[in-house]
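The structures considered in this document are given below.
Below are two complexes that have chain A in common, paired first with chain B and then with chain C.
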Partner chain A sequence: MSVNGTSEMITINLDGHEVEVPKGMNAIEAAKLHGKEIPHYCYHPKLSIAGNCRMCLIEMGMPMRDRGSGEPILDDNGIQKIGWSPKPVIGCATDVSPGMHLRTDSKSVKEARNGVTEFLLINHPLDCPICDQAGECRLQEFSADHGRGYSRFIEDKNVKPKRTVLGPRVTLDDERCILCSRCVRFSQEVAKDDVLGFVDRGTYSTLTCYPGKELANNYSLNTVDICPVGALTSTDFRFKMRVWFLKRTNSICTESSVGANTTVWSREGKIYRITPRRNDAVNDTWMTDSGRDLFKPYESDNRLTHYTVDGVHKSPEVTAKAAADILAAGSVAIIASAHSTVEEQFLLREIAQETEASVSLVKHEGDGDGILLSEDRSPNMRGALLNGLIADLPADDLSSLASQIAAGTVKTLLIVNEGLERLGLSESHLSQVKVIYLGAFANAVSQNAEVVIPSLSVFEKDGSFVNQNFRLQKFFSAVPGPRGLISESGFLAMVVAGLANEQARSFGIAQLWDKIGQCDGVFHGLNWQKIPDEGLALDAGAIADLNFVETKNLKYNPASPKLVEIDSSGI
Partner chain B sequence: MATTKVIERKPLTFAEKTFLPQIATGLKTTFGNMLKKPITLQYPEERPVIPENYRGVPTLVKDPNGREKCVSCQLCEFVCPPKAIRITPGEIDAESEPDRAHVEKAPQEFEINMLRCIYCGFCEEVCPEEAIYLQDVFSLSGYSREEMINKKAKLYELGGTLPDKHYKWDKKKAAELGGNPEH
Partner chain C sequence: MEEQRLIFKHIDAPGYTHDIDCYLKHGGYEQLKKAVTMKPEDICAEVTASGVRGRGGAGFPAGVKWKFLDRKSGKPIYLICNADESEPGTFKDRQIIHKDPHQLIEGMLCSAFAIQAQLAFIYIRGEFFEGYRILEEAIEEARAKNLLGDNILGSGYSCDIIVHRGAGAYICGEETGLIESLEGNRANPRIKPPYFPAALGLYQCPTIVNNVETLCDVKHIIEMGGEAFSKIGTPGNTGTRIWCVSGHVQKPGYYEFPCAALTLGELIHDVCGGLQPGRKLKAVIPGGSSSKILRADERFKGKLKDGTEFDWGIEDIPMDFDSLAAVGSMSGSGGVIIMDDSTDMVEALANINYFYAHESCGQCTPCREGVPWMRKVTARMCAGEAREEDADLLNDIADQIAGRTICAFGEAAAWPVQSFIAKFKDEFVEKAKAQASRRKEGKPAATETTLI
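And now, the complex of A and B:
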């Protein structure tokens, strides 16, 4: 672990044990590195140090030296004396230095924490039964550890506004706020939208928006994530479900090529929320608000739920055979997708090789925001390039396709997840060719397709994407898909087998990766188990020099796309 | 190997041969019970007295003002060993219920599956709002499985109103209305 580009290790004494920690790390992180928790509220590894909650008080001492000569002062046994600071210091703002002594569980430290907890609870409304943070609340946890269990405060509690609407997605309950200022610092430092601040003094201090403004930026829900108590709540998730019922699944955000690491929270097949997962090489601990809503379209009635051949519902096996028969006739054009996973693109490339099809891909681009929303709005453009599915970045439009259809050189279209308008085709074009459509939603293409293959969402299957930094990241299925659907990779594997006149075998993702790992190229030697949860940086070679559309954002620098700047000490 | 032990049977005495003493002893028990106060009940015409703290069918109760007490914290759902409870939480509509808007949260739907319930009383024990009680209803029946799932309306109908010593939310509202002079 390196801090500020150095990896120099120093020795400190943590609760009587000599331990090695990186130079310049603060006491909270250093203690965490060695399994000691220093409770804290205001400190966040990705934000500046505020030091206002006083929860992380610890005892700190340095080896004593004579002020005049600088000679070490020794005790009777010839060991250098430790000059303990007379009062506890805050761990978040104490950077370790050689020989430093720390006590994180001494009597006075515990008393300090108990005192801070008692003060924080004086005006706390204790409405845990109706608070959405209950179950993941730092105040609740530390009250159990350091609270006294009853209140000595007999005066009336302070009353503050509840249910303040700060923005379109965030609701504030001021009574629960412990004034840690994480949200204020986040808005200033990460979102660069300085709208939050405290007004009034003492116990009347209140978090508010600047008059006439609101917390409406695309990162506002991160303030809800970092709020250590239930003060900032997500208006969407408010009162929906208690967090202890929710199952957490690692996933990847598909909003753009940033590929933010996420956690999907679901219960009994229903997704309730998506939150960011820490990955210092990709998204730190943040994600966009828009990326958190991506599960909602999949709950609509517009979803394709049946394998269909010529308008008749069929089993996946029969549909795969029908698709293979159509493709085997030749003159195929494949419109692949950068929203497909690495595995699906691999199988599409096999189909393309087998049928000698031309492969093109449709761009999805938008404005980037320079933070975690890049210009390329597809999660896996680089996967398609690394797979060899496409050789170069996709062209601006597919105008040649219409003329090829008109000329009769293309007789079959395999379209993955694209609508008519993006393809630049009309329904009359589709009527001239046979269409195989693979997608999640019904549209004009699916209505005119001979074979319709419903696909699963990123939340319903396992797979992997390659992000803007050529980082291979895997995601897992959080909820089951519509009944009877198999994953696209399983289906495409059956089509590949059908084209080769082999018996179709059902593939797991691990077996598929064994096959991918045997191919030459950047994935050679890899398998599903070898991809770590935090992702794997790939060596893209010449592909990295292509003229990608992304401009500079939080972790991407067009000048050196493979270098990721990790700027902080986080573990 | 098992051995068979032959027990010698004693011949009956004259009194035993007549059977009369045995009949007399039996009739004594019969007539004794005839004259005693009966210990059984003529159920269902007669109903037993249900003791305090009896754990009958779980019900939801309202406060003395007739307002819903449950805030759908879902702790009973969490603690329920046979997973009989199912709650759909929801927000209180401030427009339709202005006097309860400060409570913010109430169940949209509350289901207790009485085919699953084991009458353990954990739900009553865990409830932070004293909204769920196992009361004196002990016999319930239905023609279908659906009938045996008590919905929110049924639970309130069974529960009725219980005296409330705390008036927690009324106090909270009073504090909110009183407020700080600074706000």
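And now, the complex of A and C:
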């Protein structure tokens, strides 16, 4: 089955209405397509079917046929009879087939849900007032929707461990666990780190790690995300904030070229957590644990917070003019960054063209894990290529830069977000040239720079990245940056205006995209509004044939980098 | 009444031992020799013609089960003998294993040949230490005589049998739970669809799981032919059944009779020596603890499958699959539990609930949470805290379990509760009233119980 509608459509009868659904889809997803919710706990569209929660019980019937002849059996009105299954079936394991009849809100279905809800609650601690999951808890929601509202249970509840430390980032409350096994299946099937399992039997079944192991893999926090109740909690987030106070902002993970779609949860300018956002073409519903911590460095004291020219705090406008003046002198080398957004890279290219500067780029690489952490540890290498900022993949080192400085052919350096070591330079090299530094953190380069331009984090600005599959994805500002800072694209636009001796005027990202969309190339005809929330697959042309560093991972195949295998079993 | 033994023919006979020499002396392995010269599909046809129904509990026709086998997959086919006999009240399979293991091995090899399985397993209940040892010994004896292993009797057909011990869980008797356990996992039953053993069984290969007694029947079907076998008993209820009688009778034990050859009354009075003097029959659980209880003073009226009407008292019920199903219970695994008027029905149900709550695998919600809840309710009732509304509550909980679970354990645990409440609700209410009045008199509410 594919997302682009090539799958065969069949007709089923859903609660008395004939509807079209893709063949082979399960009943939960088929009903969802037509606005009917079949409640479920253990079913997850990206995991194998367990069928253990029994919440998705529905009635299923097939048109009756004579066993011997295969002829349809008709009723008195000449309509084929429906043979209803004597027992309710689970929606998650019931794949639709032509003519199938489903009842998702009949009396017996409601009774079944009511029964399951009552059973799940009898041994549940009912500690919603102190539970982190409250507000995003399936058990809480479905109890309100399908429960009886009072308890018939007067016996003693089971007692289980309340705060099992499963690993460095996950803490388990076993009393809240409904034993849906999502976390167990995730560990086996996605993280490929089989450490979780149940011990004991029956009502005393308890989730735990295998002896001597811990849930320490880089995907452990996904188990917290998919836990339908408050059993698995993030040790970092636990007891910090009620989820309904948090603002959700769509963002993109900058950890690697995978570009996992994320949601940033913030309140009053402070980020509390980052969770994955479903995108079947990029990250399914997962993200790395390490990617969730990326907002923390920006809370450090090492952050650059002021525009400075020759060590003196200046306004952005004055700083931009000073930078333009230095650049206008020529002999410029730009050390750009694959961490910059598409928009910033576009403006840097304009600056490079205006000043006839040479542009190079430092690559950041590490080991890939074959899942959602690729070898290229920058979010936007392909953006730099598509923008024409660089023509080829960056070289292993910038050894020529030092010799160019020594030879006097480079007199000005515009460095984006790099330290001395990665540049292959020493402080004495910097003393021979004028340095414009654009970055978020203070380092040896910023300390020796004539002009320092503090940059905003991905959480503090709007922009877009192009991921490993040439998917253009946009992100939005979740929290304000340090007081007085404007986005780099706004600042660089002022530099461009200064170089052209135009009146600098600030404009937003939409206007900037109007300009990007006018250029030839892959971005032609695009504008900010045209980039959908789920991203836009670009046709990279010849650039796709470059020898990229990524090896096979969840959604990337080096053999056909543009094709993404999408299992859209649950759209 | 005289027993008419087929499977138990030699069991307990004087001088009959479980070694292979004794078995061969009594005509053993002749059917295997015959089977390997037959066409496998002919054996399957004989088994279908015999009408033999599964002896493990569900009573599903074995020949039909074999027909479901996915033979086109190209994957190996496995035969599994379900020797996890753990339904309370049932003790027939262990007699076969202990006293006539070669009959089982011969039956298995004939069946394995019929379905063309190259490897067969005996999944034996963990508590059967002695049975395990005997089976291992018997297999080695058979192997030494080339009755098992490579190129059996020079026929070109090879089949081996592996004995696997369970670890003490009732749920391992459920066929998909058994398969999971055999694969080395927790015995969590699988969801059906898609995991029907005949298509996706052991190691995702086509698999047939049959009860010990059913597999022994196959040997006799080959011996006498499917047609002749089907003449034993009545149509649809062919062959013999081994009734394991326990409870308040003078001579509890195992008794083999053709299906429908005797009534429940004859079984109790003529075969088992009747009740203890001065006692009256109160109830019978006819097919292992999970089958629905029958009340002694009930009249059972209705129609059989073939249309004949019946009007029976409890002692008139013929002992076969269809009659026991027609009166609202089942012949199950053949475990007949007799209760006389000294039985406290609340305590009896508390005992059954204790068992099922302890044995629930914990995989799916209704069974995991519902069955222990029923256990807690009945235990509380016995402990002196019974409420008049508890009977309805118990029935409600059972209704919420039955039919909504992954495997048939949900029904197995719910049926006793549903039937006890349906037939003895007055005793549950009475218990609450009696406890209340004792409490009012300042006496302890609970009377002495014998709960485990």
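Quick note on the criterion: the second predicted complex is superposed on the first by the 565 of 571 C-alpha atoms of A that agree within 3 Å, B and C clash if a C-alpha of one lies under 4 Å from a C-alpha of the other, contacts with A are read in each partner's own complex, and residues count from 1 in each chain.
In the analysis below, a contact is a pair of C-beta atoms (placed from the backbone, for glycine too) under 8 Å apart; a residue touches a chain by one contact, two chains touch by 3 or more.
Everything quoted here is computed from the prediction, not taken from an experiment.
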- Task: Scan A:Y210 for contacts with chain B and chain C and give back first, second, both or neither.
- Result: neither
- Item | Which superposed partner A:D156 touches (first chain B, second chain C, both, neither) | both
- Per-residue contact with chain A, leading partner among chain C and chain B: C
- Message: According to the stated criteria, A:M241 is in contact with first (chain B), second (chain C), both, or neither; which is it?
- Response: first
- Touch check for A:F119: first (chain B), second (chain C), both, or neither? second
- Query: Which of the two partners, first being chain B and second being chain C, lies in contact with A:I130: first, second, both, or neither?
  - Reply: first
- Query: chain A residues touched by both chain B and chain C?
  - Reply: 156, 158, 200, 204
- Under the touch definition given earlier, write down the residues of chain A that touch chain B in their complex. 125, 128-130, 134, 156-163, 200, 204, 238-242, 244-245
- Message: With touch defined as at the start, can you tell me which chain C residues reach chain A in the complex?
- Response: 169, 186, 188, 191, 193-194, 357-366, 368-373, 376-377, 380, 393, 396, 399-401, 403-406
- Touching residues (chain side chain A, partner chain C) in the complex: 49-55, 57, 86-88, 90, 93-94, 111-112, 115-116, 118-120, 122-123, 152-153, 155-156, 158, 178-179, 198, 200-205
- Item | Of chain B, residues touching chain A in the complex | 71-75, 77-78, 89-91, 102-105, 128-129, 172, 175-176, 178-180, 182-183
